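Below, chain A partners chain B and then partners chain C, in two separate complexes.
Here is the complex of A and B:
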């Protein structure tokens, strides 16, 4: 947390970028890109998250401890999703004896 | 150190900067637990979508993309007014702070009203899981699972918005009563972190639920 007061211009620019990304994500949903539709939607959402966290939530001006705490939440979410999906995705890969 | 910070500084801290970073860190750790709270529902979504993609797209097609887009825009606007509310409190602009906190609460309430209409529409379309559920298309049971996830996740999110709206109103009253002044802006900063987090959750809910079957 820094003690500088953030200029309104930064907030307005950030808001503008978020609205543009919202329109982009809606537009992208109507294109037929196969599996890339999902990847693109998530990339846009992650970008929006980064913008909100950096500028509205002031992570940009925060210390290392703050970056660690914010990163830890994402890392653990990543573990939750990776291990869960690792199971479901790989279930069909090996033949299993029928009971 | 001026007298204003003197009364604000808790005795366990050496200086106000240390207290501020402890406040912020505490809130971010709470937000990390919130990420895990919603994470379970997102993991459920991931497994379901991976296992039954086509039922999933068909079910998602029943959600109103326009309403979801307006929901998103309203929440993004509320994040902007929230950021300015924190700024106004820091600058000691009392009436501006109250106005901006009020506008943020109105945006939050507006979101809940739009969502209420969506829920009502889904109820009349028999898309609410349970006895009256009816789905025209293949695999109604799995489609019902999509709507379970949808109502659970958006319901939990709406509850967070409701708590946020109540929080904004309480803060506006505290600013009015001068219980929160520029020296105590941290209370509003922390509430702002919560508000922006709720916005971030919706940033993922919108493409995952509304846009998945948009085509």
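Here is the complex of A and C:
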């Protein structure tokens, strides 16, 4: 685990960045970009998640084992999303299912 | 004469129990708690079986019947099976098997029990205030929109209890990584440790998904946010995806530790090294991982795409391979062993047979076409009871008998033990085998009334349940009896090899007088005599006792 002391400045900078991203989210909701709205919102929220995980949760300073644990969490989330979306995407493939 | 260190049971105050950090005492706290939940859930099952003696719904209304199977399912799954081997036997045995003084985070361990109690209180509150009628699966949109019962408080109970299992899982993982005795390399770990490690992995990775799923269901129920209800833009199958992403692996939370216990019992009572140690250990990990990619087999007829169904069907077949490896390796371990039929061994042999039947009928259900015929019938009910009761509960009972002398310092009465194991085996089969036939003939699950042609099999099943009840009551009684009148147990009554047997029974608070050094593989039973092979460093410790 991290032995070094992390200066509070990093947390404040991080907090600032999160607030900026929050404002961006709100702003983006007022733009009409069609399907890109969703993509943009997702990109912003992924950035927020990454900031929180890396800095607030100290994963950036963690050892190999911590990285492995965090990576496993991501991989498992990937399994959930991939196999669930696999169902939704392939539902229309069978002619019968289209009524 | 050297002064013996105090046994962990020496202190008697309530305070010393409720504030304990000792993994052994916490294991016992869990044991007492899950016995209560098991009893309540069993009463619910008994009422259902009595109702089903006659084809008419004459004992309870259909609404009460719905509440009975819900309470049975919720309590048995989350408040008995999930914590049974990990939180009771795992807590007690795991640190000792590692040669450690305690788990890595003893305070967190106690906290997990309190969280479990909080979840249990919420569940009991829901039960007392009228119960829940959704089934343990909480399927939407019924649970989120139409049910008038206490869905939220019950879901909250499960949600809260989930955190106790996450904490326990995390604690076990860190303990296995960090607390192993000198010389105890990964491939010297007893197989129960491997299976508890695999179980912990599932607990940590799957349980949060259950929590968020139940939370989303509650959000829809309270605020009408459209997530699962198609009327307001949701998708009910999404709930099933999320729910089974947890609940299929949860089956492995229940069965993997059982498999670990059986590996301990089979080796000890046939005086043999396990056949193919590496394969059995790797199979636990393979089950933990593959168990996460099969959940769609619960949704073959739920509107899931056929292509997805095919994928999940193939993957479900694959997960049977590591399970089969274990069964074959246990059987090969028995080959040419000097087998003795002590009570724990009877349970272990029962486990192998019943788990095999449960596993093979799982393959029927994983076949797309057959599943259309038997979905939501008693065939499914029989299948998963063969895994959960025939598998997990048999293993739990076997393990409880095996470590009872270590836990209490007393032997249970052997004859009564064997009798109870036989009664359980017979009662179990009589209860659940007829349900395979019932289901195949078309009897759907979760109905309190049925066409008269099914009555014969229902009566068989209810008769079996009463025998099974005796099989559970008997150990309860003689375990209590043994606390006072049982023969005093030595440190290692089974002449077994695990580190937990190299310390007095009951063990001192910190388990070992001196940290053991491990110099050999597990299950070092001599190939010719079946005796335990001596291990340097440990022998002088045992002789000092």
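Observations, loosely collected:
Just so we're on the same page, the second predicted complex is superposed on the first by the 96 of 99 C-alpha atoms of A that agree within 3 Å, B and C clash if a C-alpha of one lies under 4 Å from a C-alpha of the other, contacts with A are read in each partner's own complex, and residues count from 1 in each chain.
Throughout what follows, a residue touches a chain if its C-beta (ideal position, glycine included) is under 8 Å from a C-beta of that chain, and two chains touch if they have at least 3 such contacts.
Owing to the predicted nature of the structure, the values given are computational and were not obtained by experimental measurement.
Because the two structures share chain A, they can be overlaid on it, and in that overlay chain B clashes with chain C. When the two structures are aligned on the shared chain, A:41 is found in touch with chain B, with no touch to chain C. Legend: residue contacts after superposition of the two complexes on their common chain; A:94 is shown touching chain C, with no touch to chain B. In the superposed pair of complexes, A:19 makes contact with chain B only, with no contact to chain C.
In the superposition on chain A, A:84 makes contact with both chain B and chain C. By the touch criterion stated above, A:49 is placed in contact with chain B alone, chain C being left untouched. In the superposed pair of complexes, A:27 makes contact with neither chain B nor chain C.
By the touch criterion defined above, A:63 reaches chain B but does not reach chain C. Here chain B and chain C are compared by how many residues of chain A each touches, and B touches more.
In the superposition on chain A, A:76 makes contact with both chain B and chain C.
None of the stretches 26-34, 80-88, 206-214 or 404-412 of chain C clash with chain B in the superposition except 206-214.
On chain A, the patch touched by chain B and the patch touched by chain C overlap at residues 65, 72-73, 76, 80, 84, 88. Residues 17, 20-21, 23-25, 28-29, 31-33, 35-36, 39-40, 42-43, 46-47, 50-51, 65, 69, 72-73, 76-77, 79-80, 82-84, 87, 90-91, 189, 192-193, 196-197, 199-200, 203-204, 206-208, 211-212, 214-215 of chain B touch chain A in their complex.
Across the complex, chain A is touched by residues 177, 205, 209, 237-238, 241-242, 245, 292-293, 295-296, 304-308, 311-312 of chain C. Per the touch definition, chain A reaches chain C in the complex via residues 65, 72-73, 76, 79-80, 83-84, 86-88, 90-91, 93-94, 97. Interface residues of chain A facing chain B in the complex, by the touch rule stated above, are 1, 3, 5-6, 8, 11-12, 15, 18-19, 22, 25-26, 29-32, 38, 41-42, 44-45, 48-49, 52-53, 55-58, 62-63, 65-66, 69-70, 72-74, 76-77, 80-81, 84-85, 88-89.
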